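Quick one: this structure, given as structure tokens, is what I'll be asking you about.
By written order: A, B, C and D. Residues from 1 in each chain.
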């Protein structure tokens, strides 16, 4: 058996946070299987084909059968054998004003699919087969991005980075997966490396996950050349798992914000995504994902193997429910999570964590320019300058000083002594900028259309004018002829 | 409870309070050296400052209590009380507190908005408009306890036990006739202490202690204080090649407001530069200008003017010392409106 | 006088705006934006140096021989106006890039009392030709320094929660006053 | 003539000579170094919201831009609101002024919708639309290309059956920053 190469990263983030990670909270319990009686799947806005036409109420759908396909080619399989209860519109997780279309299912057979619904792939699939399989099996970034995996593989790639950093406190989905499914992760690495002919693979782990490291080491497959593959251990620090930061920590390479890592031949995948990919190779599409339910307000935090579409309520009650009092439930971790307003909605592929914490009201005080935010900013922005510009209606200045480079990681919020909602302000600013760009494009289009119309009207009136002139001339000559004829008659 | 004091402060109030704590050793030493007048000044400056805060907030239709609670107003007053001459007439600290908060802070919209250091602004305004009260109210060290506080500016300097001169003043006036080693024979040097800047040196060293506390609590960074000391003492050391005609480096370091300013004035986050590199330049500039004013200027201790000048440089410094953003080839400079 | 000291004196100690209170109009008017401030500073540096020389030449070549020094102010105004206008015209054609930066500001400078003030001061201090040019240049540097500093400060004030009553010009005037106070610290550094 | 008079005359002659020479110099220079053309109108036009609504009193945004370039007030564009006024003030080096309420108030951007059951296919709205955002032909139902509609409301008046309505956009839009109309009234 080959030995796995383990490297200590010589780099550490300038900035970032080092706080108590709270991960033990949910890792003290073993992984539990969720068996929900109902499922609620939110349909993406843009669908290649809609289930509305294919399914009618009362129809039974087998587990693993395709439900719908998005425009990006991602096919979602039915998580469990179930009957269609209703298809309609309803509130989303975040409670955004535009309703989304929902597919409600009543589960018939609560067990996960036992038979592969797709044909298992041979040992070393080629790139095309692998891309097709990932799309058919619905493999998207399960770390939280939700970006379709097969689209990343369209680029010429040379390096695979497995993002096992899981730097945000309380999050344990990646760690639990690495502990329990290390062989599957390596399987996916082997398949990816051969199919995409990658030169190297770096699996990055934070140093607060010794169990995961041991599991990965033990499962290291002999087929992988230790020259090309290594595990890089980095210092536990938030947000070392952000894509560009991770690449820098692993390879010492800074990716310009105007380009994406795949354009540089580097693809980053989350271990949970890789485990799901390994299942897909054996013919099992993505039907379940691992969800951490944690936070100070959860009675018994833990990790749950959860069918997609499981109502959030159900998951929370499975974790012992919320403690008495006012609590917020966040989709994601304590720093990057956003509040869930509709807990009846179903779990998504990107739901890595549900974090519940008591509602705290903190009154913000004015910024005293202490610079604590700049100290922790992983991209070295000056959040206090961004904040001052945005709160005084100077979007252009905020963009000038790097608003669009903000990771929205929330580190500045944590350290701000004035309790300012910096990240929220930046998110709003970024959104405002996008709307402004859209407005500008509309204005430009309106201008061209207006000018084109004016040109057309001008041309038409000119054409009318010439036609009239021609007619006048012709009629003039006709008159002359008549006059001449009359004159002849009289003579 | 001790760990609470040592952990980095988590709120604006805690930041201000840690500066209070850091000021305690220097204040106690000042009382020991200059007498109880320091405490009276502290109270009067605090009253003036709070009055201005209340009036300013009320005038804008805002609640005054919340602003007083964050502790920044009292901090400004405290800094002023330590900067003013200990035997200055009693109206001086009160007016200084009023000016600092009224003109320096409230006009700009309160905490966090003021572009210049309120304490230094009040100091500069007063030294220009009340030079006698501001320069002659110095007590011979250790005689403060036996000296009555003057109630008005009249007669300052004439009262027994008062002296119109600090060590820096002494050097400035005596250089016309004497060399530095000769000046060091002056009786003022033998009052007590290390013989560098009698009395004041103990105050300065206490402030060093407080500054160390602030640094350990990560309330301040090293850049601004070190920049200031390098600027001031570096120039002093350079010109010390002519020891007869220059103030000794150690006197520059321990006399006047050098250490006090290094840790409590140039480190003010609101009116100072924000990035570490910017703080370094800010401190360095303030140090150099302080040296120039001390050596060549008309005013006895140039810190107030130097800090004020550098405060006006801060927007520029902030714009040109941003760190390079991760993934960018160079740092962003200037502002949108200054891009040309 | 030492030329270095002359420069420092003109730029800092006797700062044309904050100590001599000349050129306050552009100082308040063109400090809203930093790029304008840069432009005006460059234009002023150019014009001040040039007009200092021209004024010196008019003084020594025309006014003194004709014994018409009582016409100095008038003559200087005319000379400055002509110099500035012709500079603008020539620059517009020959150096369009430079004109883009300075062009808008050149006519403003014609009415900048700092320009006339420096020309008159040069005569009062009986500077030589080179000293006049240097003094003009130094004064322009001082003008540029405070203008750029002040414009950056005004940009910061635009991002501060200034009470509504004082927003804009009022707070700018107050701040300019404080800035003048800061420059008082330099008094005495160079005896002039 | 005494000496002082001679002095005065000499001075006046010298000054006159100086000014005349200067005037002539400037005249020749302005002839030799003439530059024409100004990109100002395009820059002003870029600040305007391109709704082509005519609320400013000009037939479209470009004509208003031309009017501004020749000195018209910058506060006559309600759809642009405060943002536009500030951008224009910035560009032209003027002080931002409140919106002139005589030309309307800033509202959330809207789109026109044709009630297709009522439309009689008269093509009058198609002629009125400044950006060709209405599709249709005579006697055939018309429809608005929502994505191209600027919400100018010029199609409302010509419609003989009142089948066009302005509705809020279905896609997210920026918060409007209108100048407070009360402020406009207060300042007369």
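FYI, a residue touches a chain if its C-beta (ideal position, glycine included) is under 8 Å from a C-beta of that chain, and two chains touch if they have at least 3 such contacts.
Quantities reported herein were computed from a predicted structural model and do not represent experimental measurements.
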Any chain touching chain A and chain B at once appears in the list C
If chain centres are mean C-alpha positions, then the most distant from chain A is chain C
Of all chains shown, the one whose Cα mean is least distant from the combined Cα mean is A
Two candidates, A-D and B-C; the one with more touching C-beta pairs is B-C
Taking each chain's centre as the mean of its CA atoms, chain A sits from chain D at a distance in Å of 42
Rounded to the nearest Å, the gap separating the Cα centres of chain B and chain D is 53
Between chain B and chain C, the Cα-mean centres are separated in Å by 33
Note: chain D sits from chain C at a C-alpha centroid distance in Å of 36
Listed in rising order, chain D residues that touch 2 or more other chains are none
Touching two or more other chains in chain C are residues 160-161
Chain B touches at least 2 other chains through residues 110, 112-113, 318, 335, 337, 339
Inter-chain touches occur between A-B, A-C, A-D, B-C, C-D
Chain D residues touching chain A in their complex are 45, 48-52, 60-62, 130-133, 147-148, 150, 172-175, 177
Within their complex, chain B touches chain A through residues 9-12, 14-15, 70, 72, 110-113, 221, 269-270, 272, 274-276, 318, 322-329, 332, 335-337, 339
Listed in rising order, chain C residues that touch chain B in their complex are 32-35, 37-39, 101, 148-153, 155-157, 160-163, 166, 171, 174-175, 178-179, 181-190
Listed in rising order, chain C residues that touch chain D in their complex are 36, 58, 62-63, 66-68, 70-71, 74-75, 78-79, 81-82, 85-86, 89-90, 92-94, 96, 104
Note: in the complex, chain B contacts chain C through residues 59-60, 103, 106-110, 112-113, 115-116, 121, 124-125, 128, 289, 292-293, 296-299, 302, 304-306, 308-309, 311-316, 318-319, 334-335, 337-340
